[in-house]
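Working notes, beginning with the structure itself.
Each chain carries a letter (A, B, C and D) given by its place in the written order, and its residues are counted from 1.
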Amino acid sequence: MEHPDYGLKEERQVVYRPVGHRKLFMNPDADAAREHFRQKSRKLVEKVTTLADAISRFVHDGDYIACGGFGTSRISTAAIHEIMRQRKKNLGFSAHAATHDFQLLVNGGCINRCDVAYIVGLEARGLSKRARQAVESGEVELTEWTNAALSWRYRAAAMGLSFIPARCMMGTDTIAYSAAVEMECPYTGKKYVALPALYPDVGIIHVHRADVYGNCQIDGPIVSDWDMARAAKRLIITTERLVPNAEIRREPHRTVIPYYLVDAVVEVPYGSYPANMPYEYYSDEEHLQEWLRAEQDPETLAQFLERNIYGVKDFWEYLNLNGGPARLAELRRMENLIEK
Amino acid sequence: MEHPDYGLKEERQVVYRPVGHRKLFMNPDADAAREHFRQKSRKLVEKVTTLADAISRFVHDGDYIACGGFGTSRISTAAIHEIMRQRKKNLGFSAHAATHDFQLLVNGGCINRCDVAYIVGLEARGLSKRARQAVESGEVELTEWTNAALSWRYRAAAMGLSFIPARCMMGTDTIAYSAAVEMECPYTGKKYVALPALYPDVGIIHVHRADVYGNCQIDGPIVSDWDMARAAKRLIITTERLVPNAEIRREPHRTVIPYYLVDAVVEVPYGSYPANMPYEYYSDEEHLQEWLRAEQDPETLAQFLERNIYGVKDFWEYLNLNGGPARLAELRRMENLIEK
Amino acid sequence: MEYNRMELMICLASRFLENNSTVVVGTGAPCAAAMLAQHLHAPDLMIMFEAGGIGPILPSMPISVGDSRTFYKALVAGSMPEIMETCQRGMVDYTFLGGAQIDMYGNINSTMIGKDFDRPQVRFPGSGGANDLASFCWRVMVITPQDKRRFTNDIDFITTPGYLTGKGAREAAGLPPGCGPYKVITDLCVLGFDEETKRMQVESIHPGVTREQIIENTGFELLWSPSLTTSEPPTAEELRILREKVDPYRYIIGRS
Amino acid sequence: MEYNRMELMICLASRFLENNSTVVVGTGAPCAAAMLAQHLHAPDLMIMFEAGGIGPILPSMPISVGDSRTFYKALVAGSMPEIMETCQRGMVDYTFLGGAQIDMYGNINSTMIGKDFDRPQVRFPGSGGANDLASFCWRVMVITPQDKRRFTNDIDFITTPGYLTGKGAREAAGLPPGCGPYKVITDLCVLGFDEETKRMQVESIHPGVTREQIIENTGFELLWSPSLTTSEPPTAEELRILREKVDPYRYIIGRS
């Protein structure tokens, strides 16, 4: 019985066309990344530190950063506040389903370039006036992508590649204002977008549980963090709680992020507030509205930022300023659908 | 501050070179697969059935099949026995870390073509004489790949693509006897292998827990089954136990295989025996040695197959023939490192 | 029975969702339409959210596409790539999109108003997952108010592909064949797309609305379906479920 | 102290594994070498198995690369793609390979003996993950008995890349730069690879073995390291740990 052969039989000349004309901010080269990863420590050593230390050691002016979670879910608010407090400058940012994180970084004047899928909005809550201004004034340089495209750019990096094919963006202005290349499939001859791998300098992910070495578990949707954790050259973990290593080893199939990806582990309970931490606490909609309102007026905004970010010592103080344990207990009840 | 631009600036002529000269057995076209998946039912309906029914309805002579697990871990022995019992013929097979599954299918005379990463061996246990004969005599037509390559071919399909780049196989005879194409990265100009997506006609996966709709959980390493489950056009699940839907919904982040991928669910406790089912039972090394020994002589082998496969009504009978509950209890103790 | 235009749009949209199909929704009206369909004719409509939730038993309207409601007692709390790849693989039937501008081929702008990308007059969020979903899902639906500014062929930025420049254009651009815009549900009418030209065509006019009103509120020439009808208004049952079960706090239907 | 050649090879191999490095191992001697290293100089050697186990507290020798021992109390029970991608990304330092034939550039055949692919004289399992690991891991080690049939330039099938045809050949073929064969540990000697030619060169000769024996048992011309030494035999401590803790049932060391 003869079976068909779907293979390519003869050499074929094809053309790679740069259809996206904006800047590709990060080097997609897998060999450069391999050189970095070759040097990266695999030492099973305690990495627990403070946020101040983690941010000052691992986030440098000019770095390109990526934040985990989705919009207002499981973002590392605490780490972003610390980036603002340390007045980090000229950061690049991967705005993969970004909402409050983008709003914060713009308010901090921290970023000057951005790979965009979703910015300036806070989903159903409305738009951030300050974030919008920053983009409309050209303060932040943009290259367009989509949520899937940025997910897959992380995936390419996580796989140790320099590119990965995809079928989105084609035919639109989104691709024209990206930095993507059009190519075709070697087997079918069909058109594909080649997405460049994205190896961020720093990834920042908030998780439910981590041990002191950085082995992490996440509950609820992982969003794109499996791939982003592996794509990032350095990785900062904030965690709701530190757990004994034995808890990780009890269910090794639950480990989403292995320790050797991680550079720093910081225990920050409620570290995602005012965002939603699955199974832990719901988003603080009132406080998020305060943010949107404060941005309406520059003076109000300056005071608001001073009060909430620059004037506080640490994230505990921010939590206390905004309702403290009572409000957090309320948000926990909301998360668990328990009527007050 | 100016940042470098790593993008491609001008069109580039490149060549796709078919460096692998063997047959590409399956159509990698993503659009053909999309047409299939478009038709595939998304109905949340009970899919529980018998193995006899599942195999007769979903595995047809000439189909290309893929089996989950790794070697002698979490394979669906019960389903493969049923394929043998139903005398399925001319099957194609993806031999991704295959050991006892390949041995069985060859002994059943079920397969005539095979994408190979690992065949004929049972790892440290030795080689299958019969499997070796089948390959050496040309009874089974081969195309060479590697474990990673087959994993990624599933990945490409799971992503809905027709190809995916990789950096393995290059420079070797393995690629020369594959059906791979050499290409280059649009961004870095570096050489890559383009792996063709692999959409098997049928996937067969043994899991720890499934509900009646086919939502599945797996404990221990997932091997390549996340991707394979999504790549397969039809999917048969055998499960150690059926669980209520509520158990799936209690921990939705544990769902590895969603119901809409699944065509049939069969409860087969010990369905991986004599292979190792993580946390449930260890491999039966004595019985696996019996297999290797039986293959030394054609007559012995015929009797052995008659006794264990063709002459039995179902998998329960096979289990009973080989020690039954007592042996299974022993293997459970071995799995849990409890001294007898 | 009285109803507002948001209620009308949600009810009409929900009727297009077949039982036993898959749909990726965002927050707001699309989610309400999907929930309404589940309560009525499509109990096994499988709802998915971009961040990874699949098949939740929605206890209330999610505020965010990633919030905990989107995977409450769900079948899967997966990942964004999992959802996007399920779409790219052809397993998702419907999705809903919105935007600031839409042209006669159903191309959507949710990126910016203005002609200079570096200095836009107004910047919107951008694609998010919209471009992806519109590239991959079989039937793309749009719920939007209708006016001349919004329904225009002078679209400033095509964020998300409709039929691009007409029949065959999606395929020529490399997008998977056989999918694209399906229905546009506005406060004036329901529009589909002409099979030959892939241009927007009015399929049903809402009660009390005139052809002239529709024309006045559209910046391009519309086609009219040969089997043009009047939209069936929301039933009492639809409104009851929508108001009591789907959106009791009027988060969405109160916006009208 | 008495020792057999398998014990010798395992002890020598284990010494090359640095602490705080990562290694993908299979079953058998490589796993024994890694476990021995953990007990002695490299307690934080991170052991990975192709099927997905990372950092297990190995209770005993695994029989299969996928069996439950490979993720017993592990840090991760992941997936095969996870392991392979960790390698492709450059995060894995060492791996161990074996095969039926090896040539002077460290290319390995584990596929077949014979010249006709469709009718091989002898078929072996094939690459499995060997080709991948040898393509990606920084330092590839081989543990193998040495004889003329096995150490040959007339290799029937290059399953797994060594240095291919010499310096620069891996890179020209498209493989990631900077990695490749590191040590070949046989029952006669330890071989490395000359920096200039990438050819196999003897670095240390086992006690009681002569140059002539090595030459007689090699099918190609060997290079000899200018700093050629005698292999340090297993210490009493190494042998004790190997026999008591690593392989008490002599599954591996009993094969010699």
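The criterion applied here is as follows: a contact is a pair of C-beta atoms (placed from the backbone, for glycine too) under 8 Å apart; a residue touches a chain by one contact, two chains touch by 3 or more.
Only a predicted model underlies this, so the values are computations on that prediction, with no experimental measurement involved.
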For this session: Weigh A-D against B-D on C-beta contact pairs and write down the one with more.
Result: B-D
Problem set entry | Centroid comparison with chain D (C-alpha atoms), farthest chain | C
Problem set entry | Rounded Å distance, chain C centre to chain D centre (Cα mean) | 58
Exercise. When the C-alpha atoms of chain B and chain C are each averaged to a single point, how far apart are the two points in Å?
Worked result: 39
Exercise. Between chain B and chain D, what's the gap in Å when you average each chain's C-alpha atoms?
Worked result: 27
Exercise. Touching two or more other chains, which residues of chain B qualify?
Worked result: 30-31, 141, 152, 159-161, 166-167, 190, 192, 219-222, 252-253
For this session: Send over the residues of chain D in touch with two or more other chains.
Result: 53, 71, 77-78, 81, 88, 136, 176
For this session: Report the topology of the inter-chain touch graph, choosing from line, ring, star, complete and other.
Result: other
Problem set entry | Complete list of chain pairs which touch one another | A-B, A-C, A-D, B-C, B-D
Exercise. Can you name the residues of chain A that touch chain B in the complex?
Worked result: 1, 3-18, 20, 22-31, 62, 90, 92, 112-113, 141, 152, 159-167, 179, 181, 183, 185-188, 190, 192, 194, 196, 218-222, 253
Exercise. Along chain B, where are the residues that touch chain D in the complex?
Worked result: 69-74, 97, 99, 116-121, 123-125, 127, 132, 135-138, 141-142, 144-149, 151-152, 155, 166-174, 177, 182, 190-193, 219-227, 276, 278-279, 282-283, 285, 335, 337
Problem set entry | Complex contacts: residues of chain A adjacent to chain D | 30-31, 33-38, 40-44, 157-161, 215, 230, 248-250, 252-253, 255, 258-260
Seminar exercise, completed: Within the complex, chain B is touched by chain D residues 26-28, 50-53, 59, 63-68, 70-72, 77-81, 84, 88, 107, 111, 117-132, 135-136, 157-161, 164, 169-170, 172-176, 251
For this session: State the interface residues of chain C toward chain B in the complex, per the touch definition above.
Result: 20-22, 44, 46, 53-55, 57, 71, 73-78, 81, 85-91, 93, 136, 138, 176-178
